[in-house]
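Quick heads-up: structures coming right below.
Both complexes shown next keep chain A, but they swap its partner, so chain B is in the first and chain C is in the second.
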Partner chain A sequence: MRRKSISYAKWGYIFTAPFFIAFFVFNLIPLVSTMYNSFFENYLVLGTTQVGPNWVGLKNYSDLFAGADLGKFFLNTLILQMLGFIPQIFFSLLFASWFTDLRLKLKTGAYKIIFYMPNVIMAAAMGMLFFTLFSQSGPINSVYQSITGAESPYMFFDHVWTTRGIISLINFLMWYGNTTIMLMAAINGIDPSLYESAQIDGANPTQTFWKITIPLIRPILVYVLITSLIGGLQMFDVPQIVTNGGDALDRSSMTIVMYLNKHLYSKNYGMAGALSVLLFIVAGILSMLIFMLNRDSTATKKKKRKGGKK
Partner chain B sequence: MAAPIDAVGAKSNSQQILVRRIVCYVVLTLFAILSLFPFVMLIINMTKPSGDIQKGFSLVPGGFLWKNFKTVINNSDWKMLNSLKNSLIISGLTAFLSTYFSALTAYAIHVYDFKLRKPMFTFILMIMMVPTQVSALGFVKLMRSFGLLDSFIPLIVPAIAAPATFFFMKQYMESSLPLDIVEAARIDGSGEFRTFNSLILPILKPAIAVQAIFTFVSSWNNYFIPALLLSDKNKRTLPIVIAIIRSADYAKFDMGAVYMAIGVSIIPVAIVYLILSKFIIRGIALGAVKG
Partner chain C sequence: MAQLKKILAGTFAVMMTAAVFAGCGDSSSSKSDTSKSGDSAAAATSEGGEGGGDSVGDYKPAKAERITQTAEGSEDSKNTIKICTWNDEFKSRLRNFYPNYDAEKSGFKINAEGKEEVGETEYLKNGKKIVWVTTANENNAYQNKLDEDLKAQAGSDDKIDMFLIEADYALKYVNGPYVKPVKELGITDDDIKDQYKYTQEVVTDANGDLEGVTWQATPGLFAYRADIAKEVLGTDDPAEVQKSLANWDEFNKTAAKMKEKGYFMLSGYDDSYRTFSNNVSKAWVNANLEVTVDDNLMKWVDQTKEYSEKGYNNGTSLWDDQWKADQGTKGKVFGFFYSTWGINFTLVEQAEDHAGKKDGLYGQYRVCEGPQAYFWGGTWICAADGTDNEEDVKDIMKYMACDKDTLLKITKDTQDYTNNQPAMEELAKDFKSEFLGGQNHIALFVAAAPKIDCSKLGPYDQACNESFQKAFKDYFLGKVSKDEALKNFYTYVKEKHSELKVPS
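Our next item is the complex of A and B:
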């Protein structure tokens, strides 16, 4: 149903221009420049003497892969991420299925508000808060000492796994509310008559959960998994603040982006560039998965809609 | 709908549900306490002098709230009030630019028929998930060559290109912006730009509000990029001050002031959140049902 004479196409270009100009200047040029920098030797010795920039080809990449650091920090990132994500997806699924259970009829408003709240709090401040709470003279230790009668406080940040645990606890608290609400929205989208008929057939809550809920929200579950992997890949604020830069304890809580930040800070641009490109590739692969997922689900939705019209 | 169930069966069924409900409420309440307790400890310790805090934790608040607050705002290293102001300016303008231009871009792709429409949409979807950190190196170098280190411009203007906000707006338009309105405005002789500003924007108000809140919060909390760009004491944002407090010699600090500094950066957002929470939570759910 095209209107005849006047074409409005030019407005399409005018209105989208600011977006694409801003993207070009502030994202695309920097991205290309980052990639370009990754082929140069360019760093400061002792913070003063500049070396480079000299073209070195792929040397930064081979250095990065030859050293043990890259693998170690990727592993750290994955450990911190999974320690938070596994309980997060477990409890979010549990709470989402409770909140949407027609038979339980729970009052959920206040819980949703409380569970989501840590998500809006500044991650740096959350890190600082938990560092203070778990510190030598912090409230957690005073409670711990008065319960166990221990004479000296427990030094949470002198141990690898308690440090990692606290970082993951913060990540868990910040994200489980968000995931719960997303999964609730997905479950609410399921046709309620499926649950009703299952109930009439005598299915118990565990059965309806595994046989109806899980298969039908699988696309959203995959979406949550991949977005949280991309988010985890970027983990920075919390571990950076909790460990004050991550050098302590043999850098056992240093993430990939903390490592990148170190290179950027010390103006080691060649290595920072190579690391950025690696990060870009991994994030790119994960994004492609989401993109394909989105496209597939829109395609099936459209097909369904067309089928329904007949 | 009273199905003929025998009395015993119905009773045991309702008892079972009662038990399940109690279990649910107990577990949920435990998690609510877990989520809130850190903030309770924060608020209580904000009201105490350093000496009392070191002695051990108790739930009884002290009378040092105002004194701690004054210590924090008078600390010339932290410049807390100034950083608070900087954070407010940056986050406010970021939220404005990001929502306005995302709506404009989404509107163009929703309403106009032009050659690059589809490719543009696909392109934005593809870049939606690319982390900002991967181009940080080039970004910092470029801003240095523009002479924009220690300026707020690099923290505000890039918000014009916000793919996630765009996507949300586009979704919203698909569900609640009929194209007939645009046609009617044209017949009335309204220009395209005026139609968008005076007719379309008001319709998008709910979506704009939700996205403005999210953008404001994420800019307020942003630490990675500002820390690379801002080195002038007077230009710092709140997360940078938090990092400075963390990295300084911790043992020498007035602990009441440390808690107060954390509180100053947390509590304004928490209050705004609590006021708008119903709205925000609906917004997240809206974003989720895209699958």
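Our next item is the complex of A and C:
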């Protein structure tokens, strides 16, 4: 009996093998070696002479927690991320629901391309562009001065919240198009008859949005949240360019990866390794959390479906 | 089973997410392996200065052992002069003044906007190619790139022939293992006898060997706007204006007058920095590798804080767009602390509305000594150990830094202050700078140059100077307290050079 059943499982393994091999060679080995390196004192003196690697145990970690404001950099990352993510999800949902609305019948092709445009530009170039736009002698300031008649320009990059705002604005502009398109795909996947029957029952657009659209695109929303969280933790190029290295304003816009870059830049491999491991742990915890949330929702759905069949 | 699958799937999900981050650690782990060999040398240099005993002097690095070249340069490398630099200054000097530079074959010309243009490849008259490796100077970027390239030099068949260094990190390369002493190239003491002594002291290593040469000396002056001086001080005569700037008290009083008339005394926070940092009583790093802040630097902090609060400066930072704009026709800034290269290379560029047209503020600037003698910058030419074009390197060094006629020509054509004391003194007798409205600024430089004291320079200066300016900008903006700024400064330096000790 058992022999007759054909197992297709091996094909699954064969087809997924290239990924696992690549993952092992290019990701897992460096990952483990980074962890290993984080226990060593290992840096360059004046660019020429190497100190270490000497085994120092957890000293890099204790230096990391004692020395700099690690919590501050995590908080900065979170603030910058949220400042960008909240308007991003708001506008994406708004545009996605407008463009997919059966009654509005908008032609969306051109908009999709326009919305996606900012994402095509390199992040560093966007950073440079906005830095120039908002600089002391930049166009935004000449407009501001001619409207308000102010004598001196407003120094956007000398204030914490304007700097953070500009960084978040760039991130928002770069990513809302991407999110809009994903959400549109999700909404298009909903059975139109649901909307039609709701309308016949007298539901207004707000009701159909909150009662039909949102619950049914929840998995995609969670996916958007995951990707943006991962992207946010790695935020580097935009704030790096805009703040010219991030030291400005008591490091109030320095993200955790920018801090990592400081150590890598000065070839301090031990400290950089320790920080990488820390980042890995945080990312792992966050991913696990979202995975659990997602699993719970699918599990309950399955139960409901089973119940329905009975 | 289903449970197991879920756990497996979950683990993979986490691993994939983690994989995204692994890239960050990637470069650290792979690079560290290649550099393990240098272990023993490290200890030698970092402890080199600690022999001083109880009295803690300034940190002076010991000379590192030179490295034996393991590979020979390829044919191509032997026909290519590879030069590492961070800006266009030396390029321009070489193109304009080196007699063996083949301007025709290189397609070198001055275009309609007054900018220099070259063809795709540049050549010397003997047919050898010139290749420039240019990396921006800021934030140790040039040093990092140079370190990597020079480290690979011994085993590479594409040899670097020359590299340029700046005063802030000259000692690092002079005492490093990658430089070829000038003596070995065949440049004699007689060739360099007329150079300013300080330009040689900067690039003399711990063993007393000269490791580089320069075509310029860089005493600093205060460049001011004649039109503003006339309006506010009633005179634009340099000798009279100097009286209003003779010391810091007078300087501050003049600053207040400028403010009354709606002008700024200085453009930014860092403008006066070098006048203070060159007059320190101790170096940044002492023999125990501890970072120390000299009292004179704290005077800079206090003065700049006062200027910022009273609106005597325009709140810019060195090299940013507004700082540059402040030097042009739209600027409302009285003056700038600039050394030689700053006047003929940087200020000219910003002062004109159209580069090379001699319009805008061309002829509106004057110079005077200012409140304190100082120097700023300076570019030295070093021969890279292992160069496979020794003759050409020697020839370039000899012409560009030792030849009296070339140096005189440079000064006459570009108003740069060149490194030949008798020639400059001769020139100072009657010199008129068109850019400075006919003023003889060379005479001021001749008087200022012998005052230059480079004894407090150290190999860590770039990181310290940049970090100090960065950290205290927050204080000037009122974002942090003085103590916090100082703490931030120590943090920044420690991150750049972890071997240094900072107060915790």
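Criterion: the second predicted complex is superposed on the first by the 248 of 310 C-alpha atoms of A that agree within 3 Å, B and C clash if a C-alpha of one lies under 4 Å from a C-alpha of the other, contacts with A are read in each partner's own complex, and residues count from 1 in each chain.
Throughout what follows, a residue touches a chain if its C-beta (ideal position, glycine included) is under 8 Å from a C-beta of that chain, and two chains touch if they have at least 3 such contacts.
As the structure is a prediction and not an experimental result, all values here were calculated from the model.
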{"item": "Contacts of A:D158 with chain B and chain C, given as first, second, both or neither", "value": "second"}
{"item": "Touched partner set for A:N27, first chain B, second chain C, both or neither", "value": "both"}
{"item": "Touched partner set for A:L225, first chain B, second chain C, both or neither", "value": "neither"}
{"item": "Which of chain B and chain C A:L46 touches, first, second, both or neither", "value": "second"}
{"item": "Contacts of A:F95 with chain B and chain C, given as first, second, both or neither", "value": "first"}
{"item": "Contact breadth on chain A, by residue count: chain C or chain B", "value": "B"}
{"item": "First (chain B), second (chain C), both or neither touched by A:K262", "value": "second"}
{"item": "Partner chain(s) touched by A:A248 [first = chain B, second = chain C, both, neither]", "value": "second"}
{"item": "Touched partner set for A:A123, first chain B, second chain C, both or neither", "value": "first"}
{"item": "Partner chain(s) touched by A:I79 [first = chain B, second = chain C, both, neither]", "value": "neither"}
{"item": "Set intersection of chain A contacts, chain C complex versus chain B complex", "value": "23, 27, 30-31, 33-34, 36-37, 132, 135, 137-138, 230, 233-234, 245, 257, 260, 264-265, 269, 272-273, 276-277, 279-280, 283-284, 287-288, 291"}
{"item": "Complex contact set, residues of chain C against chain A", "value": "6, 10, 13-32, 35-39, 41-46, 61, 64, 139-140, 143-144, 146-147, 150-151, 172, 176-178, 315-316, 320-322, 325, 459-460, 467, 470-471, 473-474, 477, 479-480, 484, 488, 491-492, 494-499"}
{"item": "Residues of chain A touching chain C in the complex", "value": "23, 27-28, 30-31, 33-34, 36-37, 40, 42-53, 67-68, 132, 135-138, 155, 158, 160, 230, 233-234, 245, 247-252, 257, 260, 262-269, 271-273, 276-277, 279-280, 283-284, 287-288, 291, 295"}
{"item": "Partner chain B, residues of chain A touching it in the complex", "value": "2-3, 8-16, 18-23, 26-27, 29-34, 36-37, 91, 95, 98, 103-106, 109-118, 120-133, 135, 137-139, 142-143, 145-146, 173, 177-178, 181-182, 184-186, 188-189, 205, 219-220, 223, 227, 230, 233-234, 236-237, 240-241, 244-245, 257, 260-261, 264-265, 269, 272-273, 276-277, 279-280, 283-284, 286-288, 290-291, 294, 297"}
{"item": "Chain A-touching residues of chain B, taken from the complex the two chains share", "value": "17, 20-21, 24-25, 28, 31-32, 34-36, 38, 41-42, 45, 53-57, 101-102, 104-105, 107-109, 111-117, 120, 124-131, 133-142, 154, 157-161, 166, 183, 192, 196, 217, 220-221, 223-224, 227-228, 238-239, 242-243, 245-247, 250, 255, 258-259, 262, 265-266, 269-270, 273-274, 277-278, 280-281, 284-291"}
